[in-house]
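Both complexes shown next keep chain A, but they swap its partner, so chain B is in the first and chain C is in the second.
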Partner chain A sequence: MLATGITKGRRVAYGIFGIFVFMCIWYLATKYTSLGSVMPDPVTVFSGFFAAFVTPIGTKTMALHILISLRRMLIPYAIGALSGVLIGVLMGWYRFADAIFMPYIQMLRPIPPIAWIPLSIIWFGFDEGSKYFLIFLACFFTIALTTYNGVHSVDETLIRAAKMLGAKDYQLFTTIVLPTTVPYIFSGLQVALGSAWATIVAAEMIRSSEGVGWLIVRGQDVGNMTQIMIGIVAIAITGLLITTIMRGVEAKLCAWAERGK
Partner chain B sequence: MEKKEPKVVVNHLTKKFGDLLVLDDLNFEVSEGEFLCIVGPTGCGKTTFLNSLTRLYEPTAGEILVNGIPVDPKKQNISYIFQEYSSFPWLTVEQNVRFGLDIKRVPKAEADASVEEMLDIVGLTKFRNYYPSQLSISMLQRVAIARAFATKPELLLMDEPYGQLDIDLRFKLEDELLKLWQRTGTTVLFITHNIEEAVYLSQNIMVLTNKPTSVKTVIPNPLPLPRDVMSQEFVDLRNQVTDLIKWW
Partner chain C sequence: MQKKQKIRLDRYLFISVLSVCVGIFIWWLVTDGLGIFRSNVLPSPIKVFKTFLRKWVETKPDGATLFQHVFASLQVALGGYLIGAAIGIPLGIFMAWNDKIDMFVRPVFDLVRTIPGVAWTSVMVTLVGIGYMSKALVIFIAAMVAMVINSYSGIKQTKTVHLWVGQTFGASNWDLLTKVAIPSALPMIFTGLDVALGSAWTTLVAAELLASTKGLGFMIQQARGIFRLDIVIVGMVVIAITGAILSSILRFFQRKFVKGGRM
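Up next is the complex of A and B:
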């Protein structure tokens, strides 16, 4: 809706202008205020960020830190997406599944992933399992609930129309309920992707020696503010890229919902 | 005129919602290939009547037979065009028209031919790859009509399909509907609150009473097609039906 009346090129131009203004303010603030004594300027941070693609931070270059974190995020994200869609559809379609799962979802959903760190270490140890668990929690509930809402949003008129054209129950599910739910699933996947990626820092607080979250945690340990900022920039840029890719996939698969707007 | 075999027989159709009696012992027959318009006072339960006919609502009592057997949309070829727009938004125009054929597992060659014919008749061939969100209101109703006729239904039920259209579009789509009806010979039950529309389209006009609804009378419409809404005969028939449903 926000894009109404704005061409794609102009939208990108506005975005770049916004970032440029932010960088200027950041630069001037670090040069001419006391902020400069605790925080590096953007030139230092971005040159450090790009230099890290050649010169390792710790034992890995920036590309590897990002790829390791992406793998850490994508495996539990995929598990969370599959199980979230499955549970969401079950809850939406069968009342008994709604009655069984919904109380747990509503109870567990408000607990932030970071609060699960002690338990996840006890249950899954210090290795990848505990990190996967935190990221799974960051995406599962969102995807399950948006899918559930999608199933509930099915237009009764369309169900009646399909019934009158002879659709049996399983055909109603495959031809009406699932397609109606797809945009909701994508909306959940989009939000959950952001949450899962944001949780990477918390996940990498559990003993790790690489990854973009580790850059921040390690930077904090040794008091290296530039490294902290490089880690933040890495998370921000990668987050922007993966959500943009996801939006592209959504636009392809939900073309019917996009066109004509 | 020779009486045709009844396509639809309704015996003692009654529908209650709790204690509220909506349909009260309806009895009537519809002949094979007939175009029957059903009119009645506002809120008399016309849609409940059609939904009960199709078993979208289970009747409280009575039976509805199509070709002599109890009506069942899963077993019989019945189509329904709703008041609301009911195109599937995730399917293109062509896929929408094909929907009922795929559900009924009609062989591909036959389905292709039927889709082409319907797209051509309703003038949507050029728009076959468009999604409903890209279409105008009249085009959306044409998609619904093409989808309904594509399965070559034995019985077509229409619930005020043109209620939300302006007069120009309505006349255009009514003419299209008559063309399709004449070409396919489908039996049509058409609910409307618009008496002019009923006189323009029907062979017979069934007038319903206020709630609890029963059949007040069935008026034959002998006017030849195409009809002239300005002719004296047309106006006389319209006035006759209007007098029958007057609640004021």
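Up next is the complex of A and C:
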């Protein structure tokens, strides 16, 4: 049956118990089967993860690895968000812009950002530029299209009513279009944040010497499974953290909107 | 009125076509036309098109024709995807339906799903080595996560009223699941299939870039090494087209199987 009246405390207790059992299985599997020869046990991984905050892996400590990756993600994410919202609104509001940009978006969107790696290396080199480009691609299309859909979901009757009462174009925009669109923009931003963070590993596959993705790629190169797992733990925890923060911001800013729940 | 609408529609279609034509013309102008970019930075559209036609029969420089690469990629992607769907859908339904299991498994699942598919590549390559198995496993994980999430929330969105009605008429727990919950979750399950297909295809390219000897991702990686950007672009286009074809096949099945209004 579907959920009814189970207290939050029990829920949390079950959850913690579930994770505990998962860790136990992982631990026992590495200790008593042949998996142990290639896979580190959870204690090693988690103690390694926390130890990395003090003793550096490569040239940096864990906090720096995470911060560097975050900066690598946030700069192109901000650019992608700004231009995505702008293009999305433009396309949603003017049929003319729609007709010009839509074919390009439809053509480029199905190409996975990762498939751009070879081209971006040649265009932007091995430095930060190519990484920014990849992450920009990972978020731009999502944000542009959700914004576009948001503008299109505006109720026609409201616009006609406002026009009849003598609203000017920018008034229409600020009082009707924007409030309807903001929840859509936020859901686009949320999805794009997830995919931008997921692309960080791919971006750091292009030559890099620090960052959480580097931990994984480097770990694979030297066959260090513990380092790979530490990198994965770092990515998972940071990813969980930033999406939770984003959801909190959305709940605060869009509290008035049904979709913003 | 009707006619006027049609003419306006045609006008915007005309603008779209014109926009693409102008785009391709500018691309041609900066490459072949004025020679601003050389072909190892940006190959001309004509060259890309020629390469696209030639690559179907030619094995140079990466040892396989385009068809062989596409076939290799599809084999891996569909293998991992189908197993992912076969396990992911029932797991998602089961998790959503059974409260105890839900509370027990959900946190573990929430932890695992934050790990991007690409990150698994390194784990799998170290575990089972480079080959079909490692790539299929990575895609399996990527596809399964999307499947579980969507079928889970599909079942959770079942209207309680519908369940009550079912109960009033004496439906068993099994009846409620198969006759009420699953049919109403079907649109979400198909959304899951679509999302999973997208992430399977993306992850495949990543896996092939890192560890492979054949496939589209391998092809573009090799071509970059020798600055054959025309092959890189051909590869990207084929990746996009194949992905689009796969998802339109899926949409065909969706129209066939999902009854009633779309959500």
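Criterion: the second predicted complex is superposed on the first by the 223 of 261 C-alpha atoms of A that agree within 3 Å, B and C clash if a C-alpha of one lies under 4 Å from a C-alpha of the other, contacts with A are read in each partner's own complex, and residues count from 1 in each chain.
By our rule, a contact is a pair of C-beta atoms (placed from the backbone, for glycine too) under 8 Å apart; a residue touches a chain by one contact, two chains touch by 3 or more.
Everything numeric here is computed off the predicted structure, so don't read it as measured data.
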| request: For A:104, select first, second, both or neither according to whether it touches chain B, chain C, the two together, or no partner. | output: second
| query | For A:161, is the partner it touches chain B (first), chain C (second), both, or none of the two (neither)? | reply | first
| request: In the overlay, answer first, second, both or neither for which of chain B and chain C A:81 touches. | output: neither
| query | Who does A:135 touch here: chain B (first), chain C (second), both, or neither? | reply | neither
| task | Of the two partners chain B and chain C, indicate the one touching more residues belonging to chain A. | result | C
| Touching A:193, do we find chain B (first), chain C (second), both, or neither? | neither
| Which holds for A:16: it touches chain B only (first), chain C only (second), both, or neither? | second
| query | Can A:177 be said to touch chain B (first), chain C (second), both, or neither? | reply | neither
| remark: Both chain B and chain C touch chain A at residues none
| For the complex, which residues does chain A have touching chain B? | 157-158, 160-168, 171, 175-176, 179-180, 182, 254-257, 259-261
| message | Touching residues of chain B toward chain A in the complex: what are they? | response | 54, 56, 73-74, 77-80, 82, 84-86, 88-92, 99-100, 103-104, 131-135, 144, 147, 151, 157
| field | Sites on chain C touched by chain A in the complex | value | 12-13, 15-16, 19-20, 23, 40-41, 96-97, 99-100, 102-108, 110-112, 114-119, 121-123, 125-127, 155-156, 158, 160, 163, 173, 176, 181, 201-202, 205-206, 209-210, 217, 220-221, 223-224, 227, 229, 232-233, 235-237, 239-241, 243-244
| field | List of chain A residues in touch with chain C within their complex | value | 1-3, 6, 10-11, 14-19, 21-22, 38-39, 95-96, 98-104, 107, 110-119, 121-123, 197-202, 205, 213, 216-217, 219-220, 223, 225, 228-229, 231-232, 235-237, 239-240, 243
